[in-house]
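Each of the two complexes below includes subunit A, the first together with subunit B, the second together with subunit C.
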Partner chain A sequence: MSAVLTMSTWLESAFVSGRSIMQPSWLQAFREQQFDKFLQRGLPTRKEEWWKYTNVAFLEKTSFRLPIIVKPKKIHSTLDSSISLVFINGQYSHEMSNTSLLPSDVILSPLSLAIEQHEDLVKPYLLQELDGKKHPFTYLNSAFIGEGVFLHVPENCVVPSPIHLLFLNTEQNDFITYPRNIIVAQEKAQVTIIEEHTANQAFNYFTNVVTELHAHSNAHLSYFKLQNEHHTATHIANVKVQQQQDSHVNTFFIDCGSRLAREDLTIHFHERHAECHMKGLYLLEHDDQHVDNHIFVDHAAPHCSSTMLYKGILDKKSQAVFNGKVYAHAGAKQTNAQQSNHNLLLSRTAEVNTKPELEIYEEDVKCVHGATVGQLNEDALFYLRARGVEKEEALTILTHAFIEEVMHNIADPSIRNYIQQRVRAYASL
Partner chain B sequence: MLIIKNLHATIQDEKQKTKSILRGINLHVKAGEVHAIMGPNGSGKSTLANILAGREDYQVTQGEILLDGQNIMELAPEARATAGLFLAFQYPVEIPGVNNMYFLKAAVNSVRKHNQLPPLDAMDFLTLIKSKMKEVGMDEKFLSRAVNEGFSGGEKKRNEILQMLMLEPKLAILDETDSGLDIDALQSVAKGVNSMRDPKRSIVVVTHYQRLLSYIVPDVVHVMVKGQIIKSGGKELALELEEKGYGWLNENVG
Partner chain C sequence: MSNQYLKQIVNKNYQYGFITEIESDTFAPGLSEEVIRKISKLKNEPEFMLQWRLRAYQHWLTLSPPEWAHVNFPEIDYQSIIYYSAPRVKKDGPKSLEEVDPQLLETYKKLGIPLHEQGRLAGVAVDAVFDSVSVATTFKGKLAEAGVIFCSFSEAVQEHPELVEKYLGTVVPYRDNFFATLNSAVFSDGSFVYIPKGVRCPMELSTYFRINAANTGQFERTLIIADADSHVSYLEGCTAPMRDENQLHAAVVELIALDNAEIKYSTVQNWYPGDEEGRGGIYNFVTKRGACRGTHSKISWTQIETGSAITWKYPSVILQGDHSVGEFYSVALTNHRQQADTGTKMIHMGKNTRSTIISKGISAGFGQNTYRGLVRVLPQAHNARNYTQCESLLLSNTCGAHTFPYIEVKNPTAQIEHEAYTSKIGADQLFYCRQRGLSIEDAVSMIVNGFCKRVFNELPMEFAVEAQKLLEVSLEGSVG
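Now for the complex of A and B:
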């Protein structure tokens, strides 16, 4: 308990100093309530099944500051995107953002502004109770809600190019940010979002991000999450997806940064015939680097289908955790669920804990799952080299081959390109 | 072209016991010559071929290997390949996810780079590879498949020969490229190999069958038994082996 007290001390003072005079009273009240809930709940411990392999105890002893506002000299993103919102150390940067190509009836704005201008629209989404008990960092995020993105794509609207949300951490150390993103695709809307977290000269900081995605009926929503934080950073994320009838969601997580990264992804199928395809890729290259993907797919409605394909490559003494759980409620007839997780170990000291899980209360379901952990095929490496291909290039070719399956069907060339660059940078180490 | 002097090699088996495989190999292949190596299963033929190509699983405890006068023992496999050594594997490995054409192009261009040639552009490469595929009787659809993945035994062997034709090595070692081939395939493989014969190029074929040697006529035939070359002779030796087997040679083993 005393450890939690240490944490709450700096949190408390941060919380008080972070109180914004601008915020409406309902939001103030919500934040107070969420803060109390966090203090009661405390940090998760490894005794909890959902946090068994990821130790966050060190956070108790670390005091993070709220960041001060900085103006960066230039942006570090290899993605060229025509529509973007940029956040520097959690703070919205109007100058760096570009929304000129956005269809006029789409709302894309920093959360604080959306609360001012579209209070009635934002409020119900913001006040939704998330799973703080399981994921207490969400309480903390709500308590500190500072900035983030509010995106509202109206009925039938097709956003022509991906929307890039860039969270850049720079020129400061030991700070914490709490981005909160709310993304709503109304009926038959179509949109692609890229949420990127990256760093440039920032160390030991902590990103605690919550992103909520709402796909209304027949909406098509693609969500790419690129986590490329500095390798001393902590990144804890909670992504919640709410799907209505006939909605179609793709998610893709690529994790190559952070010392500790935890990605929670929850899919809720509320209505029938919804589909969600989840993909993930983690590329770990540092001793003590730890990436944990926890996925929960809640098949609460019949005729829904979900696929999950995660692949990881690990080097040095890095660790990966994969836990993918499919839960099929009684009555979720014709549920179709696939899960697979494959890992490639480049060193003897890397470690993977993988657990695809099924919990099924309905007979009429089709579920398959599988996981593998293996080494690089030495014969294949020799074969390539024996044909004159340099060892480095041969390794790159083989790592690309390993992840080829995940890269399939990524239509957007800039995203493909970005991911390939990350892989190339990784393989050439 | 290739000189092997008193080569000894061992391997650590699963129980970490050291097993000696090559026990003093001597071989001299001159430029323009074709040599055949025959010998019973497990005598060390593939081990020799793999050591030549730079496989690091074996420990070379004694001896040297000279390619064109250069000691290649310290060279990485890719450096040996770019220096002109080619091994057609007995068991070509399947590499899922790597496109066959992409692979061939990477191989050809790294050899070209070593020879200070610019990389082939896509069009030139395609024209070249299509003509070579015709030569070995391979359908163009194999270009879009993953390297050797799901290829039949014979298709894999043809793919090896295709690679050889594309890379134009100085020294080609063919490890049982004839095994598992039907008559037509055997003929097109032999045709491919014969088209490579050149006064500046040497070929070593490892085989169990005289049949291949009637298409690719060797200058010298060696018999390897238990890690040693116990007899060498002209092309008639292969016929004699076919007739009598290896038993009659055993008294010569030291």
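Now for the complex of A and C:
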């Protein structure tokens, strides 16, 4: 390889080469505009409060290519789901996907196809201005909009089984993908989505993903994010949830992979009586592995409630960041918000930075938060050892016990199974 | 109804807002190297002090004011502030209480601070700071018997330069932050305490700060050193006249506790908070930090923050010595347009260090109350333990209460807990009290008092009474 290119140079050339893709002119214009905004904004630095603990400066000196199309013989996923869309290195794979069980009035298609076939439906969602100032990678994602998922569940429709969106990175190194997912659950619709990012024979790649979830009134939406990228990869995600009246959203994030993973999750309560339950689990086992969860819950409407429970276990020289912020606007009466983050440190060199924040401008609220950092309880360990349990076994039991609270209430057995496998793989280290 | 009650509080007047007519020596507004040289010369300081001030000033010129705090105020013009103002003295300064200007004594009497040595609160030795200088220190003789040095900072520079040189700026270096650096350059007076080895200070020490002159900034510096096996309890109080302009108060407090020493530092901060429209009031931008240098040392901060237009203050403890203990107890009240961004930092460096943070925020009117805290555990701090609890009470639907705790842990043996909640007074709590025949005012006052009790319990007796009264006055009939 020749000398390392700076970020704007390789981005510029990638962006120019992307112009040849056939896309409607409004999208082309939007992408140009977003690209300019990214260049103006630049990469975030640690001087910014929102990026205080996560250093992305190395991206400045790393160059990524656009991915090539590969066709793997088979894919590894521990999830057996009946409805799935599969993306290989960011490209949609029709052969691998399976949508036969989908109710007929549900639209589930790769974004590129949706832009062609349902332009009017997709356009307003795509043109929405997201929080690029705070999260500049979103500008970048918008600038490279091409592929991703468009899911539209119409009124009163209940999708019977989870929809699995699999992003597999394989047989290539040093590439970058920009998936953009738009998920819309109309009134009283019910749907469960699993977004999985995983890798096989791929190194040093970069996933920059943006997922938007829209839960209209009385919709029930469950969103599982399984991030199990290769431990040399960079994964930067921004998930935005928009909730209308009486909508009910569950989110669950599990982060095991990547060298650097950044998960931004924003919940906007636009109308009253909406509810959101967020859970997260991060299991870190490599030196210099860094996982950062930034959550912002915007209580802009009265009578909404949110709960947040994130747990993490850290080994080796890994680092975890947690920042949960509850913002209650004036007038958001009867706001009920809970936040908690618990961390378990298994090694002397692991590091946790946690910051549960409350910003409250309304008196009629109940907001609670808590955070703990510690190691496995010596007494509990002694108790087990005294009963003849091997040390390794005892540690595994206690680790499982620590995690159990997060696993609670996951209805779907295949997801539960998947998470348990990840935990088992982790705890047996 | 509760709204009426709230209005009553909001309209409550600040009772320390009078101005003392007294002749004073005052510099022209503005800051320059010359001003610093003048202050230093006026105080007849040794060369090391002047050099230190000038280094701070040079560094300050390179800094810009911090913007991260959750407060809003117009930019301060540092050239329009008067950096030195002192009541005029006839000769070389008062040698004893009898020589102090009776006007000054009258002022302190009005504030309820006894500058005579036989008063009701005669168990407390007081250092009274009026604008830029210390005007009197009581009970010096009695303290000297025990070997305790308690005097104004200027005096300490003259009499104990070796102690000042050894410890000044070792906890809050002159490069620390914008306001601490400014203070290092221009500070005019303050209190100095040295407790020798093995001495338990025979009485409470206290400093009473009063801003009187208009357009002045007050920059005092307090340095407390507790040598091995010693103990001291120190109180601090402050008031200012009512004026329409904002006045800057940028103080620095440094505490040093050596092996087995204990320092207890209590503050009742009641600077003029401004009127209900937010006009006037003190900008209280203070850097307070203690270092537990020795093993088994302990530093405890207790603060009752009811005054100031803006409070920006984070009394911190650096837990260097093994087994050292840091504590922070705080009640912060914001009413009208007051803004408070306050909290603490606990830096765990030594083994088996422990810290406790109890913070209670009360917001009323349009007040914005922020808790901002840091608990940091460094890799070598084995078995560090922290417990943090911050609670916020909201008394109006126009105020705000915010919590920004930073927790940074680099050692697995650390055990860190943080919990917080924000809510208004529960309707069920009120109902319970009313049902038992309490008026709404009494019920609210009782609940607020209960809310703050844990912190009030940490205050020395003399202050606990004052703090409770202060809160009662500020919240009279407020909630419900």
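As a working rule, the second predicted complex is superposed on the first by the 421 of 429 C-alpha atoms of A that agree within 3 Å, B and C clash if a C-alpha of one lies under 4 Å from a C-alpha of the other, contacts with A are read in each partner's own complex, and residues count from 1 in each chain.
Following the convention adopted for this analysis, a contact is a pair of C-beta atoms (placed from the backbone, for glycine too) under 8 Å apart; a residue touches a chain by one contact, two chains touch by 3 or more.
Just so we're clear, the structure is a prediction, and the values are computed from it rather than from any experiment.
Student: After the superposition on A, what does A:Glu404 contact: first (subunit B), second (subunit C), both or neither?
Tutor: It touches subunit B, and subunit C stays clear.
Student: Examine A:Lys61 and indicate which partner it touches, taking first as subunit B and second as subunit C; both and neither are also allowed.
Tutor: Neither: A:Lys61 stays clear of subunit B and subunit C.
Student: In the superposed arrangement, does subunit B or subunit C reach more residues of subunit A?
Tutor: C
Student: Looking at A:Lys47 after the superposition, I want to know if it touches subunit B, subunit C, both of them or none. Which is it: first, second, both, neither?
Tutor: Neither partner.
Student: Tell me which partner A:Glu393 touches in the superposition: subunit B (first), subunit C (second), both or neither.
Tutor: first
Student: Looking at A:Leu345 after the superposition, I want to know if it touches subunit B, subunit C, both of them or none. Which is it: first, second, both, neither?
Tutor: A:Leu345 sits against subunit C, while subunit B stays out of touch.
Student: Touch test for A:Arg385: subunit B only (first), subunit C only (second), both, or neither?
Tutor: A:Arg385 sits against subunit B, while subunit C stays out of touch.
Student: Could you tell me which stretches of subunit A are touched by subunit B in one complex and by subunit C in the other?
Tutor: none
Student: Using the touch definition from the top, list the residues of subunit B that touch subunit A in their complex.
Tutor: Against subunit A, subunit B makes touches at 53-55, 76-78, 80-82, 87, 89, 92-93, 95-98, 102-103, 106-107, 110-111, 114, 146-147, 163, 167.
Student: Under the definition above, what is the set of subunit C residues touching subunit A in their complex?
Tutor: 68, 377, 379, 392, 394-424
Student: Per the contact definition, I'd like the list of subunit A residues that touch subunit B in the complex.
Tutor: The contact residues of subunit A facing subunit B are 377, 379-380, 382-391, 393-394, 397-398, 400-402, 404-405.
Student: Where on subunit A does subunit C make contact in their complex?
Tutor: 49, 330, 343, 345-375
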